[in-house]
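Next up is a structure, given as structure tokens.
Residue numbering begins at 1 within each chain, and the chains themselves are lettered A, B, C, D, E, F, G and H in the order written.
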Amino acid sequence: MKLMIYLAGQIHDSWREDLRNKAGEMKLNVDFSAPMENHDRSDQIGEEILGQQPNAVLKDEAASAINNLRTKVLLNKADLVIAKFGESYKQWNTAVDAGEAVAMGKPLILIRPEKLHHALKELSNKAQVVVETEEQALQTIKYIFESE
Amino acid sequence: MKLMIYLAGQIHDSWREDLRNKAGEMKLNVDFSAPMENHDRSDQIGEEILGQQPNAVLKDEAASAINNLRTKVLLNKADLVIAKFGESYKQWNTAVDAGEAVAMGKPLILIRPEKLHHALKELSNKAQVVVETEEQALQTIKYIFESE
Amino acid sequence: MKLMIYLAGQIHDSWREDLRNKAGEMKLNVDFSAPMENHDRSDQIGEEILGQQPNAVLKDEAASAINNLRTKVLLNKADLVIAKFGESYKQWNTAVDAGEAVAMGKPLILIRPEKLHHALKELSNKAQVVVETEEQALQTIKYIFESE
Amino acid sequence: MKLMIYLAGQIHDSWREDLRNKAGEMKLNVDFSAPMENHDRSDQIGEEILGQQPNAVLKDEAASAINNLRTKVLLNKADLVIAKFGESYKQWNTAVDAGEAVAMGKPLILIRPEKLHHALKELSNKAQVVVETEEQALQTIKYIFESE
Amino acid sequence: MKLMIYLAGQIHDSWREDLRNKAGEMKLNVDFSAPMENHDRSDQIGEEILGQQPNAVLKDEAASAINNLRTKVLLNKADLVIAKFGESYKQWNTAVDAGEAVAMGKPLILIRPEKLHHALKELSNKAQVVVETEEQALQTIKYIFESE
Amino acid sequence: MKLMIYLAGQIHDSWREDLRNKAGEMKLNVDFSAPMENHDRSDQIGEEILGQQPNAVLKDEAASAINNLRTKVLLNKADLVIAKFGESYKQWNTAVDAGEAVAMGKPLILIRPEKLHHALKELSNKAQVVVETEEQALQTIKYIFESE
Amino acid sequence: MKLMIYLAGQIHDSWREDLRNKAGEMKLNVDFSAPMENHDRSDQIGEEILGQQPNAVLKDEAASAINNLRTKVLLNKADLVIAKFGESYKQWNTAVDAGEAVAMGKPLILIRPEKLHHALKELSNKAQVVVETEEQALQTIKYIFESE
Amino acid sequence: MKLMIYLAGQIHDSWREDLRNKAGEMKLNVDFSAPMENHDRSDQIGEEILGQQPNAVLKDEAASAINNLRTKVLLNKADLVIAKFGESYKQWNTAVDAGEAVAMGKPLILIRPEKLHHALKELSNKAQVVVETEEQALQTIKYIFESE
């Protein structure tokens, strides 16, 4: 049994890279998918494919359409979703992805620093598991594969 | 035909009251539902019903469980969801509710000030309609009932 | 038992008005919903609610967003969908609405002149019933309410 | 991860062949499915399998039944749908397929020349991504597989 | 609470009339729907609405399309399905309706004489309740409304 | 807005009667449904309707078929499910009903004495809200209807 | 792309064996599943696994439970269902399986001799394709894999 | 065809080990998944991953969250569920898992000693097949793969 795991969350640091490396060391039988992790490219992708747009709002609209297509394809294929919230950025698309995962019946692990507990209390309650670190999320996934 | 409309969004000002008043003046055949709009009570509801909790995290967990039950009942019954984002607060539960509405196939109207367009670009693209004011949201709803 | 019926199709003539009148004469226990039947207003609704748009494509995008919200609300509520195709116009949104109705498990009656049979052969095969006139569609609906 | 992509649209020219060739050059990890691309055979398939039919309408009905079976099997298996509209032909079955894909929650890329924007405005708004060329559609798909 | 009950089964005798009369005497809070009970009209309805057909197969096809539309509308609205099998006739459409009800999660009561138990053993096992008489079916429904 | 609430749980004492009385005093706009509360009749209902059965296992099978039909009709109609566990009895059908409610996306309130927390820890985690008394369950429901 | 095809229908002759042989000769990329084709064993399977039953009805009930489990597992996995009706036997479980396939959105090919057209007219109308021979059913499947 | 089978039930003895061994001897083409079978670890997993919890209730809550995530992932992937009830323990989570399986349309085999028939009569009626031994459950699964 192999699990496909979608990594929702901000794309401003290398948390996914770290998580993938640790998962490799732990030899977990999983594949990860994620949003475009090059933040600049994620913002430019609308113009990269569709050409220059008349203004910033339309540039954003073109980029978000393509990013949403990507997310929808990958979320449909995921067996499990991890959503990570940090202390910076609005991260509303992370929250929207998490809400979609919940409504689609996809199991959800939430990673967040404890100090965000109040702002994230409703989502915490909807997630299957809430942890503070990537390592804890991976231990949770490892546990799925273990029998003793 | 009567429509049931759920009003997701922050509960720190009277935007829902204003919207309901305007809808009354426009004689729209709609019922509105919403989160508990008394912010303090929304935070206290866990202890109000379940008694004092050992610490702040558990108080939040108790409150969010009851608030989520409320939201789930009302979202299941809604024909249409309006989600409003303002410039203050994290509003992650608004984003989660919006994500659930999208995944449940509930039509979604997003109200947000234009300056939030970049942070909300993915959700804007998923919503059916994006507007800047409550009045525009109500005009959109009024249009559903008109034939000419 | 009352049935809610959505009338998909072109909005350039008064076929819905005729159909509603006949249904009234037949005293059918049905409610009808439909797209905005004032064609001009349907094209202008984006700018009517959201203000002037930079160009024709964006004006269309604003209008279609609001028209699609309307359709989605009404299609969700429909027990039965009638889709009418005439000889003029592309009518692609009628075909898209019909495809959505089929995939949502909503029973579909297709009205079309026989000379369109070849171009509509796949949709004809997916519809429950294919007729040539509004009167035949209403007789079909009347039959649902009869027992002898 | 391999994606299965259904190519809806007219079957009068070689746009699918071109698209498949380019996808091969780009080494995308995808499989394509499509309607029968031999237009004549698509029209004759009813009589090919079921024998001669009494008239043109019944010949069409026999063919569309078999073509619809094909489409339903392939659409059920698709992770993503591309629908292409050109300037010729009614292309109503393309629109119906696109509507079904939307209602089934299958991500949709629409390819159409800009001059069709008005006639296709509702479908454009329902599609995840709207482009003008096969190359842009493939760049969008390539982006799903990239992480940087 | 009112229940909508669809009465699937053969239309050659007055079993539905008897069942409705008894339900009236028992003052059950239910509405019944059913196929067209005038057997002749059920066979003729295609030609009644669409005009004369070229042959018997096409006459049947026209009738079954309209009868299936009727069944689909009524089955979608039903809270409960009763399917009655007697000793005469093939009754395949009754069995198909019962299969659809099972797959749609509609509770099913099967009425059949005990001597049909072997031929109906798979459907009996799928039905919630299997009885031999209309009276037993109505007692079962009455029990839903009772609390003591 | 009126809510339909299904009261799962053991049928050996009058907890439902108490809960309904309190809800009446609180003037909640709700309807309650429940299993047959006359325990004896619930065990006899198979023989009451179908006649004497050959042995105890078949008597149970006949009764459970009819009780399950009842539950399925009522669960399909419920907006909210309350499941109560006490210290006596196996109460496995209560747990099964609760599991079905969770999988059907029906919001669930669990009532149980704190000393059962260990045995019910998985279900507690799946329920939206866990309380110890009927009064707390009703306060939770009252909160859904309040806005301040 | 490989297709999984469930072969519903009577189990009194070797039609499945013939169909599988022809499919092998045609080198179709399909796997077939089916009910237990040894008719005797299908009737005895309840007693084979659960031991002797008190009477014929209970023997049938035990067998049908196990046969239904088998069908449900295989139907859930099927991409396509073929249902064959012959002139002998009641074949009600074939009709029930076909009804379930329709309601589950599984494409359905119906094989039946033309003389059964009247008794099967409703199911014929619900099936995607109706043919008279196994060979025609296989040609239809072969067509799904062809592009020219 | 390979089947994925989830083994719900108590985790206090080695019944799963025995069942897997027998399945190996029978060379069934199946994979099994199950809850964590080390009972102690199942109770400790919350603290193992999330650190020490303030009290026993919270320790249980942490453990059940992680155990439920595990179950949800595995249940989503299962083609078939076996639920075993013994004479000891409350086994409420087994009953909840079984209820979820039923509502998700997953075929269910129930293993239980005959003396539990009364307490399990409703679940027995909902399961596809009820047996007394692991061997009978495996014979039932073996039968799915056989054709003669």
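The working rule: contacts are C-beta pairs under 8 Å (C-beta built on N, C-alpha and C of every residue); 3 or more make two chains touch, one makes a residue touch a chain.
Because the structure is predicted, anything quoted here is derived from the model rather than measured.
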Overlap of the chain D and chain E neighbour lists contains C, G
Between E-F and F-H, more contacting C-beta pairs sit at F-H
For the copies chain E and chain G, the interface residues, called same if over half of the numbers are used by both and different if under half, are same
Chain G and chain H have mean C-alpha positions lying a whole-number Å distance apart equal to 30
Distance between the CA centroids of chain D and chain H (whole Å) is 43
Whole-Å distance, C-alpha centre of chain A to that of chain F, is 38
Among all residues of chain F, those touching at least two other chains are 65, 68
Residue set of chain A touching chain B in the complex reads 56-57, 60-61, 63-65, 67-68, 71, 85, 90-93, 95-104, 114, 117-126
Residue positions on chain A within touch of chain D in the complex are 4, 31, 33-34, 36-38, 41, 45, 48-50, 65-66, 68-70, 72-74, 76-77
The chain D residues in contact with chain A across the complex are 1, 3, 79-80, 105, 107, 109, 128-131, 136, 139-140, 143-144, 146-148
